[in-house]
Amino acid sequence: MTAVPKSVFEYPVHVYPHHTDYAGIVWHGTYVAWMEEARVAFLRAHGLNFAHWVIAGVDLPVVELTLRYRQSLGMGMDAMVRAWLEPRRGVRLVWQYDIQNQATGETCVLGTVVLAPVDRQTRRVLRRLPAEFQQDLDRLYAE
Amino acid sequence: MTAVPKSVFEYPVHVYPHHTDYAGIVWHGTYVAWMEEARVAFLRAHGLNFAHWVIAGVDLPVVELTLRYRQSLGMGMDAMVRAWLEPRRGVRLVWQYDIQNQATGETCVLGTVVLAPVDRQTRRVLRRLPAEFQQDLDRLYAE
Amino acid sequence: MTAVPKSVFEYPVHVYPHHTDYAGIVWHGTYVAWMEEARVAFLRAHGLNFAHWVIAGVDLPVVELTLRYRQSLGMGMDAMVRAWLEPRRGVRLVWQYDIQNQATGETCVLGTVVLAPVDRQTRRVLRRLPAEFQQDLDRLYAE
Amino acid sequence: MTAVPKSVFEYPVHVYPHHTDYAGIVWHGTYVAWMEEARVAFLRAHGLNFAHWVIAGVDLPVVELTLRYRQSLGMGMDAMVRAWLEPRRGVRLVWQYDIQNQATGETCVLGTVVLAPVDRQTRRVLRRLPAEFQQDLDRLYAE
């Protein structure tokens, strides 16, 4: 995967019935929601309120998503979604994820999500962010 | 339940893995999505495009929802969502649902959903609809 | 609604993007998942591990679900799912919910969920629970 | 992407409210469900009943998932999920997806999903499938 990140955000999740499928384990699409939650919680923890961006007309849609499934998680288990931001590359934000079984510390799912800022109305990629949001990001990368 | 409806809309659904939970049967919240799909498909079949309402600033949120679960549906089964509109009562739309196992014709879930038109910005109930949408509804009830 | 409950369980939820729909507010079916989470967390807080029940062959499916929507919750808001158990009536468990906007304390959604214990294989209602699980429930109601 | 496939399966989808998020477009995780539906429908169209595999103790979990998002799909739009199977490589099944806007024919999302057969109880990868299921797959690749 990547080098050891300087700052990993940990977002705990409990496996509830609605996360599972017929196999008694977490349905593969459920992780996409968990990763979104961890990402938004990470931003909040760094003083960045994503809902404010959206109200101000800037959206941050996912443009790429990759998941590799190694181990399953069963109902009633506790998972830890570990997320970190890759070093800055232009306007895109690249997140790495390592979702672990809390009880064993084993990696269950590895993920990468790439976001790109767009104008909420036109859905076009923004090459420059409004100053306020650029400061949000600068702060995020500085930490 | 209610009297036999004059016009029942039938919306077929196949049970895919993501609809199920650890028990191997349809998760109880999945039916809420199926009922929404059947409702919107019903409206489309009667020439009413819900997305147009929303673009024009009128939303139709659910204000009440009731489900009674009688039988489960397993993965790979085929269900028929049978939906009909109750006779008009003011601005609210009252939908009844009978979700059946296609193979046996048995009722699996009975549901009721009540919608109320609201202004999309203020989220306040609209006592009068814009003329265009009122005509949409009049047509719906006339059939 | 009902009389003031003796013991209310509080389960906090943040509104993430995947909880919302085109209207920018929580999609009406999302609350079904939150209510399930609050219920299972309540049971855990009282020493009852739902996953153990399932492994032992006893399931607790939802047999009735009622939701009344009063106010919407927007993306980025914080909600509090307040849940309590109605006094015992036979083998069924009756849960009441009052989902509030944390910032204002206003009720957004009122809900009722009825569960019935079934044999996991046959899906038939169990008139008597295995002793271990009966003790779980007795403890739950005693508190 | 890959060479033109010999046999593309087309699975139409309508964008319902529950597929969307606050941005009024399909939430990025929704595509994972659509891809699963298209895959299972493809198998059914080729006489392979996935639920039978599961009952017989063979599961086909997703081991890798990649999505690239190019254009959004708004509520009320019609999409076509185009899916095909890559030439056989060992026991893994590699699916390619091109999800298009039906009205314009433009590609909205490109996806790849890799499945691996596992024993349902042990979750270990099966190097050999039971003869019945091997024949299912041989038929799938022969077409």
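Just a few scattered comments:
Per-chain residue numbering starts at 1, and chain names A, B, C and D are given in the order in which the chains are listed.
Everything that follows uses one rule, which is that a residue touches a chain if its C-beta (ideal position, glycine included) is under 8 Å from a C-beta of that chain, and two chains touch if they have at least 3 such contacts.
The model shown is predicted, which means the values in this text are computed figures rather than measured ones.
Between the interfaces A-B and B-C, more contacting C-beta pairs are found at B-C.
Placing every chain at the mean of its C-alpha atoms, the farthest one from chain C is found to be D.
Averaged C-alpha coordinates give centres for chain A and chain C that are 28 Å from one another.
Here the spacing of chain B and chain C, counted between their Cα centres, is 24 Å.
Centres computed as Cα averages put chain A at a distance of 33 Å from chain B.
Looking at chain A, one finds that residues 17-18, 22-23, 25, 29, 32-33, 36, 54, 75 touch two or more other chains.
Residues 22-23, 25, 28-29, 32-33, 36, 54, 59, 61-69, 72, 120, 123 of chain D touch chain A in their complex. Of all residues in chain B, those touching chain D in their complex are 14, 16-18, 32-33, 36-37, 40-41, 49-52, 54, 74-77. By the touch criterion stated above, chain D contacts chain C in their complex at residues 17-18, 20-25, 27, 29, 75.
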